[in-house]
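Shown below is the structure under consideration.
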Amino acid sequence: MKARIKVMLKNGVLDPQGKAIEGALGALGFPGVAAVRQGKLFEVELAEKDPTKARAALDEMSKKLLANTVIENYAIELDEK
Amino acid sequence: MKSAVIVFPGSNRERDMLSALEKITGKKPLAVWHADKELPKVDLVVLPGGFSYGDYLRTGAIAARAAIMDDVKKKAADGVHVLGVCNGFQMLCEAGLLPGILMRNEHLKFVCRHVKLEVANADTNFTRKYKKGEVWRCPVAHGDGNYFTDAETLARLEGENRVVFRYAEGTNPNGSLNDIAGIMNERGNVMGLMPHPENEIEALNGGTEGRALFESVLEAVA
Amino acid sequence: MIANDVKITPKLVAEHGLKPDEYQRILDLIGREPTLTELGIFSAMWNEHCSYKSSKKWLRTLPTTGPRVICGPGENAGVVDIGDGQAIIFKMESHNHPSYIEPYQGAATGVGGILRDVFTMGARPIAALNALRFGAPEHPRTRHTVSGVVAGVGGYGNSFGVPTIGGEVNFDESYNGNCLVNAFAAGLADADKIFYSEAKGVGLPIVYLGSKTGRDGIHGATMASAEFDKDTEEKRPTVQIGDPFSEKLLLEACLELMATGAVIAIQDMGAAGLTCSAVEMGAKGDLGVELDLDKVPCREDGMTAYEMMLSESQERMLMVLDPAKEKQAEAVFRKWGLDFAVIGYTTDDLRFRIKRHGEVMADLPIKELGDQAPEYDRPWVPTPKAKALATSDVPAPNDIAETLVKIVGLPDMASRRWVWEQYDHLIQGNTAIGPGGDAAVIRISEGPQGGTKALAFTLDVSPRYCAADPVEGGKQAVAECWRNLTAVGAEPLAITDNLNFGNPEKPEIMGQFVGCIQGIGEAARALDFPVVSGNVSLYNETNGKGILPTPAIGGVGLLPDIALRATVAFKTAGDAIVVIGETKGHLGQSIYLRDILKRREGSAPPVDLAIERRNGDFVRGEIRSRSLTAVHDVSDGGILVALAEMAMAGGIGARIDPPRDLPLHAWAFGEDQARYVVTLPEALVKPLLDRAAKAGVPAARLGTTGGDELTLGTGAPISLQRLKAAHEGWFPAYMAAPDLMDTQ
Amino acid sequence: MKARIKVMLKNGVLDPQGKAIEGALGALGFPGVAAVRQGKLFEVELAEKDPTKARAALDEMSKKLLANTVIENYAIELDEK
């Protein structure tokens, strides 16, 4: 089963990367870019077939490794099929 | 030899490079601001090491799109020598002046240590002062020096002797393909490498074998 | 959006870390109930971190002056004259609590903060060091903290572009819930172009520089002085994110700006950012300050005065500007893509006035905010003297050689290569001695004299000694620092300190603090090694258990000629090995006793400062007269460990003939102070011993270098290969295991 | 108008982070993790109201800066509203 885990900085937490990219887009002549935030996206392939079990495992992985829950939020998307 | 070092926001080895060039060529190199549109007339253009724009997007990515880069490409096309060191190498790849890309180090950690470099091709304007197969000590200091490219490009690089330096004696610090430390373009006037020859030029550094790289260009353009 | 006129309840007061009597003091001072913003301002100014209310009384006892001291404690960093019109500016600061909560960002912003302290004064940073203390290796959180902290220190320094060239790493269970991250930075400036925080002139513009203000670390300053407990989680949102890229731009912009002569006063925004910096600049200059917060560049919408005054967003500065040069100054900052805003001006009414949306949110007496901060003479009890341990009470190992292999591979003794290879220690091209030696050495390339001059740096303290005997431990920390500088051939100039202790409200902890300061003071006086800057970090304990007393000492030394420097590595086979200083075999509190026999006992090794000085001056003199080929001071682990380190560093072995008058293990692992191991050509031995005798310095032949083994008398030889494997192996092996720490 | 740009490495391109995470997850005792790929996610806020124009601009940004099309693919998601 395939899944995606989306990890973004919590609101209000400074995002230096987003800031730098914002600046660069401006310099490259893209007007009206109000804000850019950069996050991580993990595509995970699991042997687990059962969605509930898979989700639980992914949640564990996110907490333990993929996301730094001190400053980041994460969201899990499962490809049900 | 006249040379110019381009300064980007977040460059941090530009001063090392400027003083190395001055010590070796005896001429003060020019420092060129990234926002300028045009380079002065020089024999060597250097993209220095550092963390341009924080390297926040991809290393060298934002710098590769700076105003000055159009003229760097033009000069390169005109045959002017262009050298990219560390972050500069990453910029040259992002700018399409060199093939491939520098990925995150295999072990994901920044690494600063001395490695052994083997001169894979001594028949270039950047290495003519070395002997082929010669192995010399040089420092590296980077988090993204893991050279990668597709199989065909790699085959071409090797076939055309465009791999200039390799990490030798098992000192590959980053997982780089074929131990690649530095490569050049078809024409041989654009070279990028991850190690820092500018930090291996005087007794204080514990070795001076980095000088030959700059002396090679010096001789080539003389 | 927080209203400014909320009722100030005892609960609210407590949440701001203010004690009831401290709040009463506020009421008496302003004669009315403070607004919420004012309460926030007081909490920031009066917490331990900013006010030093528990430590002031004792810090005053430290020697802070000397012929070379240009500026002692009280400014952003200490300033010391190094001749040729040049000055070295340095300081050390802790970021312990933030680093425990979020190791990477906590450590990174700690480095950012100390770098800012240095370049705020007009110096370009040339060296960074870091003293790190972590919990027991087997503690579930330790590995996670180590990898995050080391990556954070490197992540910031490498990107900023300063060589990180030294420090310390220790492990002890007392740091399990409270790691220590002490960051040191030093910068070079022209002695006549140093910038201070004292505002001068009425009605001058106050300018905000650097990054925008967000809700970062609100109450970080308060947190930094709050003991840890289970609800640490709740404090997490106060974590700040470092942006080394912006800091690099800020450095270049500030130095460029200072060169234009536009800067009258400048102060970086550290803990409790805008509040502390603005109050300090005004109060120092006997001026009032009025700020219009609507002008402050903000990253987030709807920030209140309260939030803006307490925000700890990084990479920001405050400056009093020469109005005539305002446009020029702004152009510099725009060029570097940084924010530049006039947010207020100096006044003559000695008030600290804060406006938001046209309303006055705070109006306080600016001098009292600092001067009237509470100051405590906390009750303290001297630490009971641990009784000395007779050598006969310490069993010998059945195999000295095997024990040595064990010791060089201990968590506290193993090579720190895994750590410092993640730090760019070569950038700037002036690193003459990098990490791994006694002190690191940086060439001073600028200046009229050219490249011959150099500076040496080291960080030192032995917490286990301080715990056993705070006074001796304090002395020892300064003495070892002085010794490490001497061992590379440097003349020790001055120190900065970072005093990490537990909860000062406990008399026995306060006793440790008082004792260590006494020892540091004694040593600094005896060695002419003044304290020019420093930092105090208290309340380092979790659930009531204090850390080992850890007064880290950062020292700077001067080498008039970089060619006359010494390193630890054996240079050639056939050199004679000589020990300078007396070996009595003091095993109390030694590494051998603690880690091999698992006994934390005995008195700390006593430090005789007169002898320390005599022996050190002798060794430095010998280095400068080019008679020595290698030098290493004897510290943790004793003389045999020092010998092993020199052999491993040089890849050359040695044959050692231990003296007969001492039990072998006491000689090998005793940690007597004021000792150095040196090597020199055979022919020079006799003259050296004669000179030593004349100087009244104990010196004895130990053996001869050569081969690829270390051989002790008639004992079985140990191959350097085995020693190296143990010494280099521990850290990578330890860090290779999976990090089982749940970040949630 | 808000948009998300998803940038993933093309197949066959080395992904050291993904590899390392795979290893770590194994070590942490998560069985049956077949593969992990790490990518980037950009949340962009645009002044542009018109979806077609916005998409065109985002496509430009991705090509010019956000993605290195030699090694990365990108996908654009618009919050239509």
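Observations on the model:
Letters A, B, C and D name the chains as they come in the text, with residue numbers starting at 1 for each one.
Heads up, the rule we're going with is that contacts are C-beta pairs under 8 Å (C-beta built on N, C-alpha and C of every residue); 3 or more make two chains touch, one makes a residue touch a chain.
Note that the structure is a prediction, hence the values are computed from the model and not measured.
A comparison of the A-C and A-B interfaces places the larger number of contacting C-beta pairs at A-C.
Subunit A and subunit D have CA centres that are 9 Å apart.
Measuring from the averaged C-alpha position of subunit A to that of subunit C gives a distance of 36 Å. Per-chain Cα centroids separate subunit A from subunit B by 34 Å. As a whole-number value, the distance joining the C-alpha centres of subunit C and subunit D reads 41 Å.
Shared contact sites, meaning residues of subunit B that touch two or more other chains, fall at 53-54, 56-57, 62, 65. The multi-chain contact residues of subunit A, meaning those touching 2 or more other chains, are 16, 20-21, 23-24, 28, 38, 64. Multi-chain contact residues of subunit C, defined as those touching 2 or more other chains: 243, 245-246, 337.
Under the stated contact rule, the graph of chain-to-chain touches is complete, every pair of chains being in contact.
Residues 6-8, 18, 21, 24-25, 28, 30-48, 57, 60-61, 64-66 of subunit D are the ones that touch subunit A when the two sit in their complex. For subunit A in complex with subunit B, the touching residues are 16-17, 20-21, 23-24, 27-28, 38. The residues of subunit C lying in touch with subunit D in their complex are 737-740. Contact residues on subunit A toward subunit C in their complex (touch as defined above): 9-10, 12-16, 19-20, 23, 63-64, 67-71.
Within the complex, the subunit C residues that touch subunit A are 101-102, 104-105, 211, 214-216, 236-237, 239-243, 245-246, 299-300, 313-314, 337, 742-744.
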